[in-house]
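Next up: some structures, all given as structure tokens.
Next come two complexes built around chain A: one with chain B, the other with chain C.
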Partner chain A sequence: MPIEIITTVEDRSGTKGSTSVKVLDTATLAQLNAFAPLWATALNNVILGKITSVFANLIGSTFGITGNTGTVDADVEHVGKFQFRTATGNRVNINIPALDENAIAAYSSDTLDEAAPEVAAFIAAMETGVTVTGGTISPCDIGEQSIVDTLFAREAFRNSGARK
Partner chain B sequence: MALAIAVHFTITDAKNKSSTTTVHVPTGFSLAQYLEFGTAMGQIIADLSDGVLTGISVSIPLSLSGATIRAVADIVADIAKKGLLIAGSAIGGLFARFNLPTYDEGHTVANTDEIDMADSDVAAFVAVLEGGAGGASPCDLRGNNLTDVLSAREIFRKFQ
Partner chain C sequence: MDELVQELMNLVNGANGTMTHATLLAAWPADKRGALPKAIKTARQLNLLTQEVKLVDGAIVHTYKKV
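On to the complex of A and B.
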């Protein structure tokens, strides 16, 4: 599947728009990083706006994921709310939509059972990383500071907002 | 400071509502490794959710440090003013469309809405679309190389 390169442009009023170009998925990350400034320079010269960012977007595969079937009471507004801490003390919040009720310690509590296999596996992946071919990728904050521990894990509900 | 790479996971519930959660990961890995991480973490998230994992995507910020781009939008730059280019694909009948926000009308043929393909800036942009740059080659939605730009004109979008 092609890689989508999304370029965001801002006009004088601060309004943003974007344009995208797809490139062959044979490109490496180094080639994408070489493409971006050449693309941005060529685009800059035919527009009047300010280019604020260029992102590459890749579509992953859910092929091979097991047990990926929803339950009738699944609701994305019911979330598992996790807060992690990085080595430099930054907080990282992650919500898991349509939380599996089996992850909750007891019905008298909104704390997730960190000993439950599903919860323990997620926390382990966030704190120590996921093994991939040739290495381990460890989650981090936006500034690339590694996550080192979990501050809390509990269930929460989001506001449904106005219905259409 | 480099910006971390974002891996997005989309969950859909029994009412067909979707929600996305994001996990950031560091730079320094290959595209294949990020995709492998996405699938592995997707399994872990799917195990923790009653919904269906319907999408995984990886969003990578690309460096513009080598680009020559303006620091401030021109006084008349407007998102609603666009250049529309249509490029043909190596497979007959397929094509790709490009909308260029804040298109500069200075590249338009006088008294027409046609973008001037002989203009040097337009020609340079078209060269990137047709021939690629930096080792990456633009393509259509199905992954076929683009061959040539078939049409190019200025358009305006409704904007309130």
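On to the complex of A and C.
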């Protein structure tokens, strides 16, 4: 699973562009932390724009996901909108495109059915993390605070600007 | 303790302290379905219950365990 380093550059007009490079997943977090500023400096030396961010993305494999097929009802503008809270009170927002209508509590409501097994499991994965061999992987906020609570889970519609 | 939390813990205790969410939902009174997430949240905040999410044979298994 390669790690993708995405660097975003802003020009004089504020327009953003990005470039990416993949590195081997043998890199440790400490090594990636050391690599990011070094890579940004190397890039900075050959560009005129301002580097606004350097992200490291792990490219996860979707091989083996059961039932991972697009259906005729799938619509990325139909969104599951979640807001969580960390122990320090920070809010973590996540919007999931192509929400399944079955996740909604009632026909006339925009509230998601948090008791439904699929929704409950997603919320649990956000709040307490996912158990993997050797530990638990927990979603967190930008300050690395773990999520402790769900503030809301509801249906929303977002214009993607690319509707066909 | 909250009546719904008590009811939740009775169900989990009745299943030897471990229960999947799907099993819990099936055993939970249908007319109180909307109150289940809050009961689970309260039980977790009171440290009566922990939850675990893992992947088993390609499927998510969401389990509650009595503390």
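In this section, the second predicted complex is superposed on the first by the 101 of 164 C-alpha atoms of A that agree within 3 Å, B and C clash if a C-alpha of one lies under 4 Å from a C-alpha of the other, contacts with A are read in each partner's own complex, and residues count from 1 in each chain.
Basically, a residue touches a chain if its C-beta (ideal position, glycine included) is under 8 Å from a C-beta of that chain, and two chains touch if they have at least 3 such contacts.
Small disclaimer: the values here were computed from a predicted structure and weren't measured.
Look at A:A105: by the touch rule set out above, it reaches chain C but stays clear of chain B. In the superposition on chain A, A:V72 contacts chain B only, with no contact to chain C. Look at A:G80: by the touch rule set out above, it reaches chain B but stays clear of chain C.
Residue contacts after overlaying the shared chain place A:A27 against chain B, while chain C stays out of touching range. By the document's definition of touching, of the two partners only chain C reaches A:T128; chain B does not.
By the document's definition of touching, of the two partners only chain C reaches A:D149; chain B does not.
Looking at the superposition, the partner that touches the larger set of chain A residues, chain B or chain C, turns out to be B.
In the superposition on chain A, A:A120 makes contact with chain C only, not with chain B.
By the touch criterion stated above, A:G64 is placed in contact with chain B and with chain C alike.
Of the residues of chain A, those at positions 64-66, 117-118, 121, 125, 130-132 touch chain B in one of the two structures and chain C in the other. By the touch criterion stated above, chain C contacts chain A in their complex at residues 21-22, 25, 28, 33-34, 36-37, 40-41, 50-55, 58-60, 62. The touching residues of chain A, when paired with chain B in their complex, are 1-3, 5, 9-13, 15-19, 21-25, 27-51, 53-77, 79-80, 92, 94-101, 103, 117-119, 121-122, 125-126, 130-135, 137-144, 146. For chain A in complex with chain C, the touching residues are 64-66, 105, 114-118, 120-121, 123-125, 127-132, 149-150. Within the complex formed with chain A, the residues of chain B that make contact are 1-4, 7, 11-15, 17-27, 29-79, 83, 96, 98-104, 107, 121-122, 124-125, 127-129, 132-143, 145, 159.
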